[in-house]
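The structure's right below; bear with me while I get my questions together.
Lettered A, B, C, D and E in written order, each chain numbered from 1.
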Amino acid sequence: MTDWLLLAWLWPLLLAASALPSLGSGAGQRGDRARAPETLPAWRASLVVIGALPALAAVWLVPVGSSLSLPWLFLGTELGLDEIGRVFLLFSAILWLAAGVAVAQRMRRVAHARRFHAFYLLAMAGNLWLIVGQDLFSFYAGFAIMSVAAYGLVIHDGSPAALRAGKVYLVMTLFGEVSLFAALVMIAQQTGTTLPRPEDLTQLGALPIALVLLGLGVKAGLVPLHLWLPLAHPAAPIPASALLSGAMIKVAMLGWLRFLPVGAIALPNWGGLLAAGGLLTLFYALPIGLVQADPKAILAYSSISKMGLLMLCLGLVLMEPALAPAGVAAISLYAAQHGLVKGGLFLGVGLRKQAAPAFLQPFVLGGLIVLALALAGAPLTSGAVAKYGLKPVLSGAEWPWVAAAVTVATVGTSLLMARFIWVCVHISPHPQPGSLWPGLAWALLILLVLLSAFVLGTPASWFTDWPTIALGLVFAGLIALGAWRNPDWLRPVIGLIPPGDLMVLARPIGRLTVVGWLHLWRPLDAARLRVVNAVTRGIEPFLARPDGDAERGLRRWPVAGVIWLGMIVVLLLALFGQSPHVQPVNSATGDDDEAQISAARLGRESPSHSLVETDPGRD
Amino acid sequence: MNRDLSLLIGILVSLFAVLLLWIVYITLSAETGPRLATLALEQLPESGVSHPVTAVLLNYRAYDTLLELAVLLAALLGIWSLGPAPAGFQLAGPALAVMARWIVPLAILTGGYLLWVGGHAPGGAFQAGALLGSAGVILRLAGHPRAGLPSEEAQRWLVVAGVGVFVLIGLLLAALGYGFLTYPKAGAKWLILLIETAATLAIGATLAAAYVGGRPLGAAPPSTPTPTEDARA
Amino acid sequence: MSPLLTWTTWLPAAIVFSSLIPGLLIFLVKEEDCNRRTLLNMTGTLLTLLLVGVLIWGVFLGGVFETRVTIVPGLDLVLRADALSMLFVTLSSVLWLVTTIYAIGYLEHASNRSRFFGFFSLCVSATVGIALAGNLFTFLVFYEILTLATYPLVAHSGTSAATRGARIYLAYTIAGGIALLIGVVWLRTLTGPVDFVERGVLTDMPAALHPQLIAIFLLLLLGLGVKAALVPLHGWLPQSMVAPAPVSSLLHAVAVVKAGAFGILRVVYDVYGVEFASELGLLTILGAAASVTILYGSVMALRQDGLKKRLAYSTVSQVSYIALGASILGPIASIGGMVHLVHQGIMKITLFFCAGNYAETLGVHKVSEMDGVGRRMPWTTLAFTVGALGMIGIPPIAGFVSKWYLGLGAVEAGKDWVLLVLAASTLLNAGYFLPILYKAWFRPPPESWPHEHVFDSRFETLGALLWPPVITAVLCLIAGLFAASPFSPLEWATLIARREYGLIEFR
Amino acid sequence: MSPAFLYGGAGILLFALGLWSFLVHEPLLRKLIGFNIMGSGVFHLFIAIAHRGDGLPPDPVPHALVLTGIVVAVSATALALALNSRLEAADANASASAHQTHGRGADEHADDAKRRRWPTR
Amino acid sequence: MTSTSLLFLPVAVPLLGALLVTAFPRTSSILGVTAALASSAGGLWVTAQTWLHGDLGSVLGGWGLPLGIGLAADGLSAALLAMSSLVGLGISVYAIGYFAGSERCTHFWPLWLLLWASLNGVFLAADLFNLYVMLELLGLSAAALGALTGSREAIAANLRYLLVGLLGSITYLLAVALLYAGYGTLDIGLLSERLQPSPLAATALVLMIAGLALKAALFPMHFWLPPAHANAPAPVSAALSALVVKTAFYLILRLWLDLFPAIADAAAAFVLGALGAGAVLWGSWRALRAQRLKLLAAYSTVAQIGYLFLFLPLIQATPAGAARDDLIAACVLMAITHGFAKAGFFLAAGLVQQKAGHDRIDELGGAAQSMPATTFSIALAGAALIGLPPSGSFVSKWVMIGGAFTTGQWWWLIVIAAGTGLAAAYIFRVLGHAFGLEPTPRCFLTNARAELPAFLLAATSGVLLGLGAGPLWSLLGLSGGHA
């Protein structure tokens, strides 16, 4: 049964491969540009839907805790399904399916459709491989493929805003990926295995933990690292942003749960840091979300705040290992719920903008309101159930005031949702044909969200902190009333902060670095050039001058004669230099003892030996 | 510049000369062994000639003489390769013509004698060849364009004869088992004589042709046929 | 066993000759006699591949293959097949087959083809010789022959730029060759004939000689560094990009550049022995040089507009991964270095093939002209994408595997700064590859290509031009996806590392 | 001061003189004369070596060597003279032809002639 | 007839050939080639005998040693004899095509065969005075051959060469006279036994080296070589550079090793080494700056001779034994490889000059590209001149550098490195022109008979001598008698 796990992510990968341009057909050499954007045939468009089915099947068919080891694949992959994995697989598969239907319908006639489908399937494969794969390599491989493919989704319609968002997304994702890579390398080295279980991770050093937090923080939207999120979501097509918000950013939580010693040992400082970060994200995103004009931007900021909440809970769990079992389950449940609701909201916005028959619009609005309430955690909704799950974590944490802070945040969220509904009401739809199937899928999704509240939740959980929700709604009603009476009351506030808030600062910083670099590099370059020119100018005349007959002088006989005689004199000096051994043996005039010595010396074996051995030092 | 260079060369050369003088003084004054003299003189009877120098030249160190003739031939071939001979001198005046008519036969005769006497007294191929060469020079000066030498074809054979005879005899002796240039005791005298005569002719022709200074011209000279060739042929 | 023993002596030599002899024959082929030339080419490549296959099978069975020819007493030419040489010989013979097909397609109507293919085969036999060299003398002989054989290829097109490039290439490599010669002879005078031995030869040299050994290592590094394009000595690589595409792909991505890196591996592992080298502090020198090259190469690549120039600088930085792997003491890092020898080869050759395709089919030479190339030549650009992503180190393509092992080995050896270098290099690679991919896939194509050349073939360009990059791209994927399977480059590198470090136990 | 040394010393002096004039004098004829004097100097040395005291006949081998040396010297001188005459002939008609064509001053011709290349084959 | 008694053949056969060719000028080329074949056969036969039976020696005239002239063929002379035979054969085959149809051919053959005879004579001679006569014959015929082109430069250059040769020989003769005076014999073998260190011996050594250095064109005295070799016809300049200059070096090596081991000391060797180093640097630099191909080749000869002289200090500093044998063998290998390489280079250069009508390097592109075989031979010969593997000079450079390290004379390394670099520069400056945009040549060999000798000579130097250096070692091993 476990090979469904392999099929879960391999199937979309294969489909993505088939979406590649076929060799012989239209992509030939002739007019590849003249044709209008081709509409994908039905069967090819439906690939995106079929892609998610094996994953969904895997959720049911594969028992929890089973694992499939493939030593030959990649660097020894280990596919398995634990509780967290199962929950993540479930809601991700559902989301990929729902969005898939929307893609199949909506993205058939649009330009570069084939390319979008290919990237969609690739992202799906990456996401699923990541969830199903237990070992480090699969996680990192899935993460990388998903991120790169998501880039293709973000910049699909090629507008300048999309391109800019894509660039920011890519740069930040790459930084995230690189730090994740470093972290995983250290984890592998310190734990010794590529299948780290929480107890192996206990003795992790500070650096890997920091890098994991940083790497996945980019994907999760930890505040200073969240800049790409509000830019990417509005720019991406609706189904893509649904998945970005719903499935892809949740991966960070999965990664943390897998690669941090959750529940094994207490990490007071790292846990505290994460919790504080979560808190900051939670409260930072809400006000900016409120002032956004684009509904998708609002949803983006709501995702950021929700992720902040999850980070807070994870931080608390890290600080207090006792909370781990309940906390982990709650976090994954909350993540699943948020994923589905956020996905639904995005798809709803899509339908709101392009739903075909006019009469469907009220149903769409109704659905959106339901989902908004679910997100805010209104009673009788899955949001309440999920929030109920988090209660023990928040209450049991060391920081007593955290529960109060969260309630304030809940108020903020409900305000945000009200703002969202307000904006949706004012969208003027321009219907397009073929929105029947997406509508149906959306309806099913809403039904699922509603049902999940009753299936999973206990009666007590249905009414978790309904008073704060009520307060929020009343407050929202008052503002809505004020805005309804004179529309330009809030005008100065709306659009005060552009979507990519801190990105505004990016341009000046960018310009600054470029100027600084030029100032540094230019003088260096100039100096180098000067040196090179000086050298060439120096050598040039020397080489270029056709050198005259340098040897004419040498050729004159007197000169040659002097040189030759000079050489003879030098050689004579060299030979006569060592006078003792050159003393003539039988010279009448030389003194006798000198003769005896040299004769004695020569007495031994052949002269060449004696000469060299006796005075090797001299040469 | 040249002034001090030649001075410098002078100093160096004189230094060099002093050293050499010292060396020669030492070696000559020291009583060295008899060198090759006694050995050469003892072997004289078997060498086939009585005069020691001719024995050394044509028997003990015959190989050197062979090569020496080759050097002469090389020089001539070098001269021929430079191009045709320059124009000869105009016909000699009466005094020179008479003198030539007397001197040339005389030179040839003494050459022949010198060749013969070489066997037992100072003389031999080189001195005889030199005389024949001088006869050629006189004829050239007297206006004979080819210095009394035959046509180019013949000249080539004449010039080659010296080295040719020597090498052929050597190879023949080697073939017969005596070894290259190792004369049998009995025939040594006649072999040497044969080599000497061929050498004389070759040296004479070579020196004359060398004096002509280039490849001999085709046409024979208009003047009276000189007595020399037929006398010798 | 006797019949088996005899062929173990001539097999390595047969491999070298199987590419040498067809090469020499090709010189004599008349220019317009295309099919005979192609026949000779293909027989050469297939024969070499077959023999290499037999060799691998033989080595796998544990046979020892060695051809020893004594030129002069004390100096002998040794061709031996040990694990490390098998890695490089397999790489070069496989890629030679692919590149020959590509070259035949690429030089369809070019001039001087007999001369080209002759020298091409000479180069490959030199590379095979380098791979199989059993001692430093043989290595040096083939190393210099490689220089001689590559010069005419770089100068092949005959333009003034080509001659200038070739001259610069020659100046560097000849100087390197001289330094290597002096180093090798100096070593030989100290230690006698230097055969490559698994754990290094010099481990037990007396302490007095250590300063000399360090000086020798620097000389050897200087000589090998020229071909391995370490920073100060890399000047020739970008200049020799004027060579035709098959040359720059096989030679400047695989044969020549790898010869330098392979040499460094040989010197560190089989001459000095890695423990002894680290004792002398040589590894830190090598590590520093490699890191500087990695970063400098990538930074320079950012600024190049010419596609092949950019790939050249990328080669400069990527080859130093191998040197970096060698410079870290530890089996895992050396596995990373050695496996990168293969991975970088297949990835870089894919990129150069694609660059060649763009130049040949569309006349696109500059990155700025590459808008919308993905639409016009989807399969080539897809191969280019696989290669580029592999270079950046995106799993599951081969590049990630070697980067992973390098990182792991570095952390194992306690050198965390190497992770920083790897991270910076990855970002820089992304910095100069992703814009190309973006332009290719997401930008609309221009009105008309610089000088488009329509081939009469069903595919986007000539079949012989299209299939090689696709094949090598698939190779990258397979090397990545099935890295852990037996007979993969990674397994083979692990085998080598195990022998180099004497870890006897078999996993 | 045995006669042999006297004679040998004279030979050495002759050799030195010949060498000096060979190196210093520029015109070829003086060089050749210098060379021949050097040659005769060496031959005198050989003869001096051959002397074995006044009673005994002299050593024939050096005599033979001298004979060979003389012939070699003669042939070398002959070739040198022939080369030199060709050289002067070449200069002569080169300056003659230069004179007709350019009509410039006499001495310039000499330089031109020296430098103009003889048409090679 | 035992093999020792046939030692005179390599001299007699070419001599006989020369005479025949002089006598029958019209059929000179056919006769000449047959004579060339015969004499190379003779030379190779002597080498084979030495290879099989070890050193050969015989005395001509049957009068025993002190009196008669000895001929000796040990490993050293056998190796050089083999070189001169093969290179001579190559040059002769080339000369047929080169001189075909011009009346110069009748002058070339006799002088060429005389030169060949004197070459073999020098390698086989064991008698000092005989060597003098051989050197004279060599000098004269070489000068005469050099002047064959008849151009003014050629005649002036060869006159200067002749004078230099005469000066060298007369100095050598003076040394012979002194040695005869001092030790009473002219045979090298006897003399080396009787020789004791004395001012006489030292002076004789200096005189001989000075004379032969002039003939071998050692650095300051090389002024006559470039014009003489550059203006001679191609086969002649090949013979001059490859063979004639080698004989002078052979004699210096022979005297240094066999006759004067007791007297020659490190200081003298260092002087010669220094001059050699100067030759390497100055020759290579002038070759790099030369405008004409043949001038480049001539200066390259000056440089290569410098390399040979570099061996002397190394050999002197190494005590007798295997290391010294290696060095001597490497020196001989370098000489032989240079012989083949330079002959191949000059013959190829001649072809290029014939095709292009001139030999100015900068305008050679077209000609070089249209004759692939010739350019390939220039490349192979160039590789041997630079000392790149697989050429023979690579092996000898390997041993030389090894020797420099063992004897601690590291300063020669700088010279060798600089020399190799400069050599690569000037060789590839020529080869660079072979890759222009001219039309593609139809096939490899354009004119087989002319290109084949050059190609084979270059290939031998470039490849065979490198890989096949073993037999030379065993051949020379015989000579030393050491381990």
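Here is the rule we use: a contact is a pair of C-beta atoms (placed from the backbone, for glycine too) under 8 Å apart; a residue touches a chain by one contact, two chains touch by 3 or more.
The shown structure was predicted, so the numbers you read here are calculated from the model rather than taken from an experiment.
Taken together, subunit C and subunit D share the touching chains A, E.
On a Cα centroid basis, the chain most remote from subunit D in this structure is A.
Comparing per-chain C-alpha centres with the mean over every protein C-alpha atom, the closest match is chain C. Among the other chains, the CA centroid farthest from that of subunit C is the one of B. Each chain gets one centre point, the mean of its Cα atoms, and the points for subunit A and subunit C are 31 Å apart. Subunit A and subunit B, compared by their mean Cα positions, are separated by 102 Å.
A straight line joining the Cα centres of subunit D and subunit E is 27 Å long. Subunit A and subunit E, compared by their mean Cα positions, are separated by 72 Å. Shared interface positions of subunit E, defined as residues touching 2 or more other chains, are 67, 104, 129, 133, 136, 140, 143-144, 147, 150, 155, 167, 174, 178, 180-181, 199-200, 203.
Subunit B has residues 2, 5-6, 9, 13, 16, 19-20, 24, 26, 28-29, 34-36, 40, 60-61, 64, 68, 71, 74-75, 78-79, 82-83 in contact with two or more other chains. Residue numbers of subunit A whose C-beta contacts span two or more other chains: 558, 560-562, 565, 568, 572, 584, 587.
Interfaces, counted as pairs of touching chains, are A-B, A-C, A-D, A-E, B-D, B-E, C-E, D-E. Subunit E meets subunit B in the complex at residues 1, 5-6, 8, 12, 15-16, 18-19, 22-23, 25, 58, 60-63, 66-69, 104, 107, 110-111, 114, 117-118, 121, 129-130, 133-134, 136-137, 140-141, 143-145, 147-148, 150, 155, 174, 178, 180-185, 199-200, 203.
Of all residues in subunit B, those touching subunit D in their complex are 2, 5-6, 9-10, 13-14, 16-17, 20-21, 24-25, 28-29, 34-37, 40-41, 52-53, 55-57, 60-61, 64-65, 68, 71-72, 74-76, 78-79, 82-83, 86, 126, 203, 207, 210, 213-214. The touching residues of subunit E, counted against subunit A in their complex, run 160, 167, 195-200, 202-203, 205-207, 209-210, 213-214, 220-221, 223-224, 226, 261-268, 270-271, 275, 286, 289, 291, 316-317, 319-320. Against subunit B, the residues of subunit A that register as touching in their complex are 558-559, 561-562, 565-566, 568-569, 572, 584, 586-588. Residues 22-24, 26, 31 of subunit D are the ones touching subunit A in the complex.
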